[in-house]
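Contents: one structure, followed by commentary.
The first chain written gets the first letter, and so on, giving A, B, C and D; residue counts start at 1 in each chain.
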Amino acid sequence: MSFSKILIANRGEIALRIARTCRELGIETVAVYSTADRDARFVAYADEAVHIGPAPAKRSYRYPPAIIEAALRAGAEAIHPGYGFLSEDADFARICTDHGLVFIGPSPEVMECVGDKARVRALLAAAGLPILPGSDGPVATPAEAEEVAERIGYPVIVKAAAGGGGRGIEPAGDRAELREVYRRTTALARQVFGNGEVYLERLVQAPRHVEVQFLADTHGTVLHLGDRDCSLQRRNQKLVEEAPSPLLPDRVRERLGEYAVVGARRVGYTGAGTMEFLLDAAGEITFMEINARIQVEHPVTELLTGVDLVREQIRVAAGEPLGITQDQVALTGTAIECRVNAEDPSAGFRPTPGRLTSYHPPGGPGVRVDSGFGQGDVIPPDYDSLLAKVIVWAPTREQAIVRADRALAEFAVEGPGVATTIPLLRRLLAQPDFVAARHSTAFVDALTNEFNPMEKTSERPADH
Amino acid sequence: MSFSKILIANRGEIALRIARTCRELGIETVAVYSTADRDARFVAYADEAVHIGPAPAKRSYRYPPAIIEAALRAGAEAIHPGYGFLSEDADFARICTDHGLVFIGPSPEVMECVGDKARVRALLAAAGLPILPGSDGPVATPAEAEEVAERIGYPVIVKAAAGGGGRGIEPAGDRAELREVYRRTTALARQVFGNGEVYLERLVQAPRHVEVQFLADTHGTVLHLGDRDCSLQRRNQKLVEEAPSPLLPDRVRERLGEYAVVGARRVGYTGAGTMEFLLDAAGEITFMEINARIQVEHPVTELLTGVDLVREQIRVAAGEPLGITQDQVALTGTAIECRVNAEDPSAGFRPTPGRLTSYHPPGGPGVRVDSGFGQGDVIPPDYDSLLAKVIVWAPTREQAIVRADRALAEFAVEGPGVATTIPLLRRLLAQPDFVAARHSTAFVDALTNEFNPMEKTSERPADH
Amino acid sequence: MTEHTDERHTVLRLLREEAGNIVKTVPGPLASLSLRVGEWALDISWAHGTAPAAPLPPVMATEEETEADDTGLHEITAPLVGTFYVAPEPGAPPYIQVGEHVRAGQTVGIVEAMKLMNPVKSDLAGEVVEVVTGDATPVEYGQALVRIRAEEP
Amino acid sequence: MTEHTDERHTVLRLLREEAGNIVKTVPGPLASLSLRVGEWALDISWAHGTAPAAPLPPVMATEEETEADDTGLHEITAPLVGTFYVAPEPGAPPYIQVGEHVRAGQTVGIVEAMKLMNPVKSDLAGEVVEVVTGDATPVEYGQALVRIRAEEP
């Protein structure tokens, strides 16, 4: 069984990227759009499009009834949620099933399991994955939190069980601070995620963010597609991602792959997923969380492996076996993704929506561009500020870095009031610490003189 | 020794493509341009630019004094000729050397040798490469031509020894026709190539065009980078190229690679070159010629191998050893290049120069675009009509074909009076004979109702 | 680029039309006129310092006509994606009839989405001119359902 | 760069067309009209304070103005890339002097390229106004070398 029509419940570059694979698979696409995206390219690209609501996402892209109705009337058989919005909403996945629509992602049960960070942490610890010292599951009271903190030692980090994208996580240096942080995080978690549960872990100072891409089908095949390093972050928002993670010893790399497969099996995962790890200064790796969605940075894995991850997601959702085996997964060269956001780094990364009077993407050897925009398009102020992803491949990391810089230098984006992160990205690529791969997740914040890397920034959209 | 500044003696997409690699290598670039290309992107892209002459190529891009002067005053150490123009002009290469400039390509002697088709044919026959029955070297008189034709049997093909790009080659079915063809070809050869020598070969009906990319450095290393199939041609002008050549038995593929290495060594080749073969209906391969330049279709090899051919050309010219060894050359998946020309297939492929009011190149997984144009640019009427090369990669040929079609469908090019070959290319990709790889070099002409595939078309630029 | 040009066209047309309107509305013959919208400006001065109040050329007239279609008319649109029903249940009389008067807040139909019936209310008082969308028709967000002529206050 | 040129064309065309529209649209004979879009401006004033019925081609006018500074002046440019010399050899008197009269076909200098001396000849008769490029200076194709005021025929 395969699909003949898929509704894409997302917008911008990822909606377009999903539609591209659908077109190659001969599957019709249905776009859904808010009033703000009326003229967007992903809308024109789809075979059909349904206007589902006004600009605010909670009344359009995050509003299940509108999307389900659109899918039913268009006769779509499946819904691809992309990243963000409803992509990790188990209830939405259930609603899809209730209406005879295939949700392209893991089962609602698995989504709930991996969505509860405290629970999946305990589960995978039991499965033999290394985790940081911390609470066994959620901590119910400030007193319990302090108790745990005394046991594992300060500084600790308080995390919302239902949190994500770097939101609802905050460090605490001592008992007094912990009481305050516990209160704040619990409140935020209740407010933002509708679930106040938090858990504690020992804080790792300036870790590296390493993640493993994995695929699992409904026939028992689970395989990993290598690791990615996403340590170049600003306030937990990824700016640059690369694969493979530089300076990672082969034995560690292999171990990470095994952990991903073991973990995916343990939770009964199907589809494409990512397992996040922290790598501390001593080279110790610990499991962080599982992301049950296609990620913004998935193209670096695609360039390294030649595997179309969205294609495999769709195959798996259609009940087909994966198109590849583990020994067919070859990792060659280095791939780097640079996120070009319509933001002004010189003004606190304020989003700069507006019309693109000039847009000329880079090209030539080893360059891939994923974008939802073109010349004359308007970047609406209502959503995240991702303008384009410039992804490059080269035989070596050194060449990949110069190629990324070459591509960014070629990228011509202009518009009244529109600023981009291109200059910042080029500056980052030129940093000796990055070139030598000595950078940690604290690097960018230190560079941009923001000394609180763990600080949550409620004005920023959650990362994907 | 490496270069710090290179002059690029070409225009359009190849000038830009060469400049991209130079930028990645940290080498400064000098562009030269005619009045017609004053506002071209390759000019703006270079670190320096020199206005060398008026629109006509013979007074600008084909005019050695202007280019040498530009190189000397800019302090360039080397000249990259790209393809076409002066790229296969041994005299120009000599002039470069005389002025202390490194010509990025083989030595003048080698260029002269491979430029004389009759001579290199005899040379490589002696080296054990299979060639078609024909004359031993040039035929001096109509009588000698008829003598040879009687021996090898009709139909025969008459070729200008100094010919290239499908020009100065014409078939003859019988004695009477041969006399006429001999006269015509000799005259054309004298007029166009300044050398009236012609030679004879047996005509192969509807062959496939297969070529092998090879690299040779000045330290004795010679290696091949697999084959390309360029059988989709219109009147000897390539439209679509792919790698590897489909349906080629492995043993034949290996043999082709060996021939390329043997041949390159035999003529003392250095740099990047291509060896062309004909594959007849019976699967027999015969050597045709050596092209001593980077070719338009080189990106398909780059996508298949991950090797930057321009980078290697520059390394070799700088006296460095090749950056790779034969066993490091891995050929994965399938790559297809589609040449998007500003031509109107419905009007006899008349070039359609003009301003591009809209230009939005394709993107996403597995798509590379090499172009010298963008929105607002003007395609001048003075040169070949190549607008952009859309090159795709996919794990299988089947996927590569749908991806190429997907990419072409995304490619938005508009301008008053501007037509492109995009619709034709999509039609070709959909042909069952192409999908099944049953097509020969006669396929397109048959399709476009042109029943004389060998007919020379003097209004068309020579192919590269 | 094209959108950009369009934008310029619109602003320029605005200036032009406005100039025309001013000549029409401002009493007395004009000697000169100066219009400025941010970086956009139009300055005109008349020969013999006289601008006769003349009828506006067809170009603008047509534009006014096209807008004239729904002068005084108000559209009630679909609040969400779903199926539009004119009556509470099959066979029941429709919520409203053409020509009928509706109060602000009065239900004029329902849009059903995922088995949920969402009443569509008129946001002003007036007379029903047209029920644009038929019964049991799938509608998108913002799609016109009912046209109402607003009451003169 | 190219968009820039394109941009210029677009805006100028826009202004020209708009001027035409205004003349047709705004009632009464115009004495002058001034249109401004950011840094782009178009100013027209009519003789006898009367705008003709048909739209003017102001862009042409503007372009002529920009070229006006070298009205009557003719430029002799470099026929190829090379080095410009004002005299046949070092120390020798220059081919021409400012103020001097030259015949059509008279040599005014040489451009040396690859050791070849290419004489640069004046293509018309006139008076030498300026030798723009200094002796032994590298020149590009089309670069101005000498300015001549053409003789009145």
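Here is the rule we use: a residue touches a chain if its C-beta (ideal position, glycine included) is under 8 Å from a C-beta of that chain, and two chains touch if they have at least 3 such contacts.
The structure displayed is predicted, hence computed values, not measured ones.
S.K.: In how few steps can one go from chain B to chain D if every step must land on a touching chain?
M.R.: Steps on the shortest route: 1.
S.K.: Starting from the Cα centroid of chain D, hunt down the chain whose centroid lies farthest away.
M.R.: Farthest chain from chain D, going by C-alpha centroids: A.
S.K.: Just the number, please: Cα centre separation of chain A and chain C in whole Å.
M.R.: 43
S.K.: Express in whole angstrom the distance between the two chain centres, defined as the mean CA positions of chain A and chain D.
M.R.: Measuring from centre to centre gives 57 Å for this pair.
S.K.: How far is the middle of chain C from the middle of chain D, if each middle is the mean of its Cα atoms, in Å?
M.R.: 52
S.K.: Please set out, as single numbers or ranges, the residues of chain B touching at least two other chains.
M.R.: Residues 374-376 of chain B each touch two or more of the other chains.
S.K.: Any chance you could list the residues of chain C touching two or more other chains?
M.R.: 1-2
S.K.: For a test of understanding, state which residues of chain C touch chain A in their complex under the given definition.
M.R.: 1-4, 7, 80-82, 113-114, 116, 138, 140-143
S.K.: For a test of understanding, state which residues of chain A touch chain B in their complex under the given definition.
M.R.: 16-17, 20-21, 23-24, 26, 45, 299, 302, 306-308, 330, 332-333, 359-361, 363-371, 374-375, 393, 395, 399, 402-403, 406, 409-410
S.K.: Please name which positions on chain B make contact with chain D in the complex.
M.R.: 35, 39-41, 43-44, 50-54, 60, 63-66, 68-70, 73, 95, 99, 355, 374-378
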